[in-house]
Amino acid sequence: MSGRDIDVGDAPPVPLQVASPGRLARWRDSDLLASFLGSKTAMAALLATVLMVGLAVAAPLISPQNPYDPAQLDLINSNLPPIWQADGQAPFYLGTDDQGRDVLSAVLYGLRLSLIVGVLGVITSGVLGIALGLVAGYAGGALDTLIMRVADVQLTFPAILIALVVDGVARASFGGALDVGPLIGLIVISIGLSFWVQYARTVRSSVMVEKGKDYVQAARLIGLTPPVILVRHVLPNVTGPVFVIATINLALAIITEATLSFLGTGLPETMPSLGTLIRTGNRFLFSGEWWIVAFPGLALAGLVIAINLLGDWLRDALNPKLQ
Amino acid sequence: MSRSTLKILARGVAAGAVATFALAALPAQAANVFRFAFQGDLKSLDPYSLKESFTEGMQQAAYESLVTLDKNLKFAPGLAESWETPEPTRWRFHLRKNVKFHDGTPFTADDVLFSAQRVRASGSNFTTNVPSDAEFVKVDDYTVDMVLKKPNPIALAQFPTWLIMSKAWSEKNGAAQPTPANATSPSYATLHENGTGPFVIAEHQPGVKTVFKKFDGYWGKAESNLDEAVLTTIANPATRVAALLSGEVDWIDPVPLQDQQRVNASGTAIVMAGPELRTIFLGMDQDRDELKDSSVKGKNPFKDIKVREAFYLAIDEETIAKRVMRGQAVPSALMIAPALYDRASEIKRPATDLKKAKELMAQAGYPDGFTLTMDCPNDRYVNDEAICQAVVSMLARINVKVNLNAQPKAKYFAKVLAPNYDTSFYLLGWTPSSLDSHNILFEIVGCRKPGDKSGRGSWNLAGYCDPKIDEIADKVEGETDKTKRDALIKEGFETLNADWGYIPLHQQALAWGVSKKVHLTQRADNLLLLYWVSKDPQ
Amino acid sequence: MSETILSVRDLTVAFDTRRGPLTAIDRVSFDIGRGEILGVVGESGAGKSVTGSAVIGLIDRPGRIAGGAIHLRGERIDNLSPEAMRRVRGKRIGMIFQDPLTSLDPLFRVGDQIVETLRAHTKLSAKAARTRAIDLLAEVGIPAPERRIDGYPHEFSGGMRQRVVIALALAAEPELIIADEPTTALDVSVQAQIITLLKRLCREHGTAVMLVTHDMGVIAEAADRVAVMYAGRVAEIGPVAAVVREPHHPYAVGLMGAIPTLSQEADRLSQIPGSMPRLTAIPKGCAFNPRCPKVFARCRIERPEPILVGASRVACHLYDVTEKAA
Amino acid sequence: MLAFLLRRVIQAAAVLAVVGLIAFSMFRFAGDPVNQIVGPDTPASERAEIRKSLGLDDPVLVQFARYAGDVVRGRLGISYQFRQPVSQLLAERMPATLELAFCATVFALVVGVLMGVFCALRRDSWLAGLFQAVSLIGISLPTFLIGILLIYLFSVTLGWLPSYGRGDTVRLGWWTTGFLTWSGLKALILPSITLGLFQMTLIMRLVRAEMLEVLRTDYIRFARARGLSTRAVHLRHALKNTLVPVITIAGLQLGSVIAFSIITETVFQWPGMGLLFVQAVQNVDIPIMSAYLLLVALIFVTINLVVDILYTVVDPRLRLSSPRTA
């Protein structure tokens, strides 16, 4: 890129486009695909993400063991090293933990849990944020002020703190042990409540811009109701930014879940997520049973790095300023 | 780049530090400081608030008892120079003169009378340490009589953990009553200490650190050469081991089983695995008519002896000892350690029998098992949560689905202990403070009755009850002939075992990690007693 | 013509892209004499600004000077070391940018920016530099300069800011000023003032000016000579009077039609159909040939070299008498 | 400017009020406080008595007012776990957290800005590439994993730095500091890096992006055209302009360092407020949780105010005109 006032290659004035191009055309015009194919990192990141998502989805089919089923764990197989070490045993290719849990299976199931929690959390925060953003932007006035003030307050607290508080309050309110289902729900809600602000702000500002445009006024004149206008005309304009936020938030959500589990307030040891596995494995850092912490750690790091790379690339590709 | 930045950073900070040095006079560095780390915390400084070995051991550095235990667990004079039994129901204690509390006031008979009353008051966790029928009489300032209703050969058994507090100090600071377990207002005695022991607690930050300083006005001659001892809490096992290996601390407890080899190989520290007296066992709620948090409604499966037996037989303790405990545990047939009961070897632990367990479940009407919740501490005993997890997967083989609720010990105890007894199935560890079987038969196995102030069944969270065992326990308490007594105890334990009342698992090996610079005595009850700790001067 | 201050010969600037180098400036030559104002005109993308940037040595990567030579008072400056070139900038060549609103660093007082420039090039003390800065501000017509010197850029109006920019460009008394669209961003009423100011200052200091603009009105008013650029090449260069009144190159002819006069109310460049080619697609021969109303075969094959036509030099085959004769 | 600050103060107060309401709701409604005091066997009459003595029967507004009054006077309730006043516990732990947060912040700012500036100025160097990669890892690896890695490397394997706690501290009044002892300083290194790494990454990326943007601005080109040295252009003009927006965002981020220390403190057994908070969550110690929430909000709001003031100091445009909505 050259300085902007060196007017090299300035395109000749293009006549104003009359009709907005179709989505496909927009995709092509934005050079998204070209930029994608041109970026080796983006390709590698996508490949890694797809691979890991695939492994996660297929976990029940390909795992040698169901690590969540206590009946399948046998203490006899505990603390086995990976297969390439002297005491390694098939089918425990990456070794086992202190309960005889197959590390490979646990990592696969853990990836699955991490992704489930992450995706659900992102969807929750996205739906919440987009809805509130639409409402705030369209309604304006007191409602807008209220929502955006709440967003400000919310921004005061990092996600992990909010998630911990939600978790703690829920524990205080329900008492005792939560089943895994509700527990996952709780974590998803914690994450949802932590990450909605960015969506809301983006959507709101976009609505503010679109609201004043002629076509929205026209749509209103022909009798379309606000929800229809919002959904049909405003939403498509924010898909790009929202998608970028969602990608980056997915990585954050996965980290948040892992952190909660690491702090001991997330998923229990009997149903370990990657974070729980790392917490347990951490105990064996000195005793030479490195595989219990290393593989979950690698899987988590790999997943998050891949998603972040994708997110970075998407942001750059969709940001006209940087093109 | 980051290294050079760090250097700059460090330089800046150092410059700041130097500047501040000029302003703040550094406290004189104590000559010989023993630093030690425990996985948990010293929960309370009030010597009657929590019966927990580590807390008790720490309190014994600052507080003293009338009768104490020597390195071989034999009675030795403490604040009482000597004692005698002029008649079978009267015990006379001759108190040590010239003993001073840390606040400088002298120790007298009034303090003993006060402590005897306070330790048995409501809210005390040590009510059973002093016989409930004992009456204390002041003969003179340095002589106290304990008058019992009936003869009791083991009346002094728990005296070593009954620590004497100052009457004047307690009353002055509004701490005349022990802190109740669920108090919401802080008690002075919880955070402050005033004992007669060789160490003063100079600083106590709950959950962070506690500083012990040598008490210069101590009446005796301490074996320890320490000037100061600093206790820190390091909950994370790996961090704790790292701290020992790097020399940041001189003593840690416990050394995780998996790290013992590494500690021994380090050359700077060793593992001291003592004969562990604590028995880890599982309790099954046999009190409620409907089990809490279970799929079984309207009845309590644990009331069926077949279910209890099935549980017992399904749990493969041998494998737990070998794998989870890495061979550092001894499977136990009894609720007491063999070291504490001479005829222990006569009772054998039934072997694991999965087939029979399944049959029993079918006979009891649960061929497809049932669901229940298990309570488990995750920071109290060696590999506690791992043991529970292993139990969960073993019970899965007889189709019992166990939801494991593993929690930090504070939460765990608040849930399962009196008065809530809120548990269906739990793991607990127990060392009889009297080092005697009676304590087990009385506190763990004895029937618990609402309003019973004697302390019987006070730790019987399972609500197990067999009046026959209560009778035996009472006989044991009064029996002075060892042979007869041991026979009675055997009968008691066999009755319990025949009823599958509890599932004893093992005696855990509790290992300390000790720097080679430190010399100390590890007594069989595993208390860390600072007055026996010495450290090579730097 | 008086002493030559700037001499540009066959200047070529290329931008390296993934698809190979693109020639943005193609063998451009011109001179500017002492106190002379050379107007450089052309459409956006014609290479005016790049030429200015090349002269002052501010071509950013991936651009580079690919050929030719630039002499300032006979001293070659296009191949100077970065540090030597830095000393030329500001000291011997001043520059004025298009947008006064963005040319000044918003976080620094205008006085500090002038003092900073002065001290970068002279040995003035801080105090002397400040006095000089006040003089400069006064000279460019800023009222109450001793007070305004401590103002921040945002406290000045657009016209006033451009005066500050001019003061900055003049600070070290350069021999040459490159003014890149100095009035475009200003109100019409202010434009004239700024042009007058610029003209006056150049006359007084004898500074040569390269005035880059797309506004023929400005050229007509301010410039002594004018160069018309198209697609990175000089189409025609000559005295303003000649080029404006009697343009020769067909593109210049079209461009001159853009000066609004009473008789002509046509839109800018409306006489020339089509648009300037992209750098990637500069046609063979004369770059203007696809749009040229008078195009003929040779224009599509051979690039025309500048030929002296009257007082102007014109790069057009139409005026190549030898060829015509043949 | 005064009006701007006043508005910010009012906003801050509003934020605190909202957080206070949340903290109060937690305190009051998360789990029946009476249940925390008595056992399940307690008869209803006794419960009612306790309810009354705690004022739980009063209208909620009255309760909130009382709670607010208590909070202002520093009465934050009594920890269920420690049976100590929460304010006392927090006061004991606060120095540890603040010292850690301070070091992490200094680390993040200094290293982040340096790396960001380097990456912007030497975009194509291999070191910039390395920094970019480090930043990606810094943003992707969960804090606890970084902490574990650092412990494994520097404490376990190399044995250079302590793995837990604050080392020796010195008491200065009620404040305990690790800055005055060698072991205290050593103990700060790993936790500070762990805590600061994420923020450092963010600041680095921010500085880099912002600086690249600034380097493209007219006033930077103009500064170069004025012949200022590269150093002056980059470190005076570009850096200062870069840091203006960075201050706001970095300020917001750094406020969260205190809250983020929850994780670091857990990994390093750092006896600060974060560790206390995690233990409170695990043990459902609501008074500590709500008090911590309030405290973090207070700290955050204070930092925000300071940042706002700082912002007006750095950016002259804000001193007179209305604030930019960021």
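The chains carry the letters A, B, C and D, assigned in the order they are written, with residues numbered from 1 in each.
Rule of thumb we're sticking to: a residue touches a chain if its C-beta (ideal position, glycine included) is under 8 Å from a C-beta of that chain, and two chains touch if they have at least 3 such contacts.
The UniProt protein names, listed by chain, are A, D = Peptide/nickel transport system permease protein; B = Peptide/nickel transport system substrate-binding protein; C = Peptide/nickel transport system ATP-binding protein.
Because the structure is predicted, anything quoted here is derived from the model rather than measured.
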Pair with more cross-chain C-beta pairs in contact, given A-B and A-D: A-D
Closest chain to the centre of mass proxy, which here is the mean CA position: D
Length of the line joining the C-alpha centres of chain A and chain B, rounded to whole Å: 46
Cα-centroid distance, chain A relative to chain D, in whole angstrom: 24
Chain B and chain C, separation of their C-alpha mean positions in angstrom: 90
Cα-centroid distance, chain A relative to chain C, in whole angstrom: 52
Multi-chain contact sites of chain A, meaning residues that touch two or more partners: 3, 5, 282, 285-286
Of all residues in chain D, the ones touching two or more other chains: 151, 156, 218, 221, 282, 284
Residue numbers of chain C (touch at least two other chains): 97-98
Partner chain A, residues of chain D touching it in the complex: 11, 14-15, 18-19, 26, 29-31, 136-137, 139-145, 148, 151-152, 156, 216, 218, 221, 252, 255-256, 259-260, 262-263, 266, 277-278, 280-282, 284, 286, 289, 293, 296-297, 300-301
Residue ranges of chain C touching chain D (in the complex, touch as defined): 56, 58, 82, 86-91, 94-95, 97-99, 102-109, 116-117, 120-121, 152, 154-155, 165, 168-169, 171-172
Residues of chain A that touch chain D when the two form their complex: 3-5, 149-150, 152-153, 155-158, 160-161, 164-165, 167-169, 171-173, 175, 251, 255, 258-259, 262-265, 275, 278, 282, 285-286, 293, 297, 300-301, 304-305, 308-309, 312
Residue ranges of chain D in contact with chain C within the complex: 217-230, 232, 236-237, 240-241, 244, 314-317, 320-321
Complex interface listing, chain B residues touching chain A: 236-238, 241-242, 245, 256, 258-259, 261-262, 293, 316, 319-320, 322-324, 373, 383, 385-386, 389-390, 392-393, 395-397, 402-406, 415
